[in-house]
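The same subunit A turns up in both complexes below, where it pairs with subunit B and then with subunit C.
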Partner chain A sequence: MNLELPQRELSKASKPEVPGEEGVWVVIFGEMIVFSILFAVFLDARQKDAAAFEAGRAALDLTLGVVNTLILLTSSFAVAAAVDLYRKGDAWSARALTLVAALLGLGFCITKAFEYKAKLAAGAAVFDNPFHVYYFLLTGLHLVHVIVGIGILLTMSAYMGRPGHPARQRLMESGGLFWHLVDLLWIVIFPLLYILH
Partner chain B sequence: MAGIMHRSLAPFSVVWAVLVASSLSSWRIGGQSELGSLPADLLVVIFIALKIHLIGGYFMELRHAPRLLTLTFNLWIAAVSIMILALL
Partner chain C sequence: MGSSSSGGGERSMALNGLDDGPETLRDHWIAIWMGIIFLVVGSIGLVALCGILPFPSPSLSPDQVLAIYRDNPIRMRIGVLLLFIGTMTFNQLYTIQFLHMRRVEGRFPIWSYTLLCTGIMAALPAWLASLLWLACTFRPDSDPGTILLLHDIGFLAFTFSTLPFVVIAQICYIIVFFRDRTQRVFPRWLAYMAVLDLLIFVPNALVPFFKSGPFAWNGVMGIYLPLTAYSVFMICFMTTVMRKRSPKS
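== the complex of A and B ==
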């Protein structure tokens, strides 16, 4: 462990610090607002066509949804640990955990691909039910964020070769924050689409 | 990989365990036959709020962030939770 590099200590004893780059929070809150608008639109549409939406929901594979939830939760755990270890100078473990998170992200994409394949097997007729328009919109938009997030995680791991100075630590925090955003959005999307009615 | 056994990762582990337990509980609630009842839906929404609050506080390190940032984040959680319950 290299004790000579300055470390950003986010502990109770020190002054409150904004995690990551301040600008990344603009992105994070922006995405949270955009998605919450989509959630509202979905909920409103569902109120107007409850039977069709319930039929769509009931046909979803709940198990795959749970698997994807557990995948993202575990990947967030890995990223949080990675960022913390990187700050403490353990670049090797940080890189390993970041790659694990990226692999889990890939697992999410593969599971999603299976779900989509099953849904689209019936052809364009699946969109006769408006529920599926929202299903693909919400999960599709989220999937784009997952893919971007995986790219960010891979970039982070590439730069985790050696422990870094506070500026680099902050960049790693920022990358991690985006991945936690991906996770927390799914925490809403999954019950919204698959469970609540 | 001795670094991974670092004691400071314990909080993350506990949070992860709570997140997983909450998710499995929501899955269980969702699988019950009395779906759509208000108490079940309320519980699921509470779990959503709790999970995002934990992710924000511990994984995103908002616990150590300036109060305004944390407050804004938690306000979003509250707003989305109330919106979901209102439009169920």
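== the complex of A and C ==
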């Protein structure tokens, strides 16, 4: 009776695998730290000038905020499903779902554009209220991440032509992880800006 | 390409897979320690210069700004002197960065040399700022308008330094992701770190537009986050360069 595990299974058991490339976790944790610092700065500034911040918050469109949250949550779900399908070999469906997620991301950008247009209609005077400085900082930086994330999703869907290779699967997982980061950031930004009073 | 001539398996585990011998290792360590010492000296100068580390806000009144330079001229001059020493921090570190990146590239090491040039550009504003602050403290009784202007230019130069650092991060990203395929001189996560740096440096471009808040030159996005992110990146870079790996042929 052969009591030894085959070498491949041994190495698999001793090395727990983290999804995606190890480098993408550097970005994820790094960005979480950066945004945590920004949230702390925001909360500190808010505490010093609560009236102005509350006035700014009241002027925000809560409906658009909720719509954006739903858009990102749905797109995150689509990406997770896509990566899973790709892992199982169904490249066509994975590609379709990734494109759906990218489209939803684009929808997020469009609603954001409407919000920004309404705010900036008053011109540079909007920055007299410190709340708006932080609003544009947090949502603007997040928007940059969304745009980068859409680019990553489109690249992922382009590369989904050939399924199966483990390194490529890891790249797909990495891309999906970045999109989940984008979603996670918004889930914290939304209550912080739109709801907290 | 073995190093049997340098005496055994120990020596062949040279830093970052270099097959060069103990002198190279020693030079690396000297360079890094020089960088650290210059940085510490420069930081002490910065603290002495600005009183306490939080930079003066761009929304200070003219009287407050003049008071900075008139109150303690001797201390300020010592601080500027130390800051000048601190501007030498990065020269040798950029050279190390350049040389290891050149190992990756082929006959036309475009990116490595661009990194070297951009590194010089990145280090220059701190030197310029020190010079201007020196001029402010040298004759604190001179025309207030001039002192205010030099104060502004100095702090803007010191904190509004987006582009060189963005380009440095971009080059690191290009080299590690797209060029470093065969030798694996650098780990891939270093490229992701460069991406993180890029994302943090982009909002720094808004420093000229704000005189208070997070984007001002004394704000979190103006100076503190970019400074921290870049310091962490350089520490990670130097750590990966100094790790011991067996040389690959």
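Some notes on this structure:
As a convention for this text, the second predicted complex is superposed on the first by the 181 of 197 C-alpha atoms of A that agree within 3 Å, B and C clash if a C-alpha of one lies under 4 Å from a C-alpha of the other, contacts with A are read in each partner's own complex, and residues count from 1 in each chain.
The rule is simple: a contact is a pair of C-beta atoms (placed from the backbone, for glycine too) under 8 Å apart; a residue touches a chain by one contact, two chains touch by 3 or more.
Since the structure is predicted, the reported quantities are computational estimates derived from the model, not experimental observations.
Subunit B and subunit C, once both complexes are superposed via subunit A, fit side by side. Touch criterion met: A:84 reaches subunit B, while subunit C stays clear of it.
When the two structures are aligned on the shared chain, A:19 is found in touch with subunit B, with no touch to subunit C.
Comparing subunit B with subunit C, more residues of subunit A are touched by B.
With both structures placed on the common chain, the touch criterion links A:74 to subunit B but leaves subunit C unconnected.
In the superposition on chain A, A:171 makes contact with neither subunit B nor subunit C.
In the superposed model, A:145 makes contact with subunit C only, not with subunit B. In the superposed model, A:191 makes contact with subunit B only, not with subunit C. By the touch criterion defined above, A:59 lies against neither subunit B nor subunit C after alignment on the C-alpha atoms of chain A. Following the chain A superposition, subunit B and subunit C show a smallest Cα-Cα distance of 16 angstrom. Subunit B makes touch with subunit A in their complex at residues 1, 3-4, 6, 8-9, 12-13, 15-16, 19-20, 23-24, 26-27, 29-31, 35-36, 41, 44-45, 47-48, 51-52, 55-56, 58-62, 64-67, 69, 72-73, 76, 79-80, 83-84, 87-88.
For subunit A in complex with subunit B, the touching residues are 1, 10-12, 14, 16-19, 25, 29, 32-33, 36, 39-40, 43-44, 46-47, 62, 66, 69-70, 73-74, 76-77, 79-81, 84-85, 88, 90, 92-93, 96-97, 173, 176-177, 180, 183-184, 187-188, 191-192, 194-197. Remark: subunit C residues 187-193, 195-196, 199-200, 202-203, 210, 212-215, 220-221, 225, 229 touch subunit A in the complex. Touching subunit C in their complex are the following residues of subunit A: 21-24, 26-27, 30-31, 34, 37-38, 41, 45, 127, 130, 133-134, 137, 140-141, 144-145, 148.
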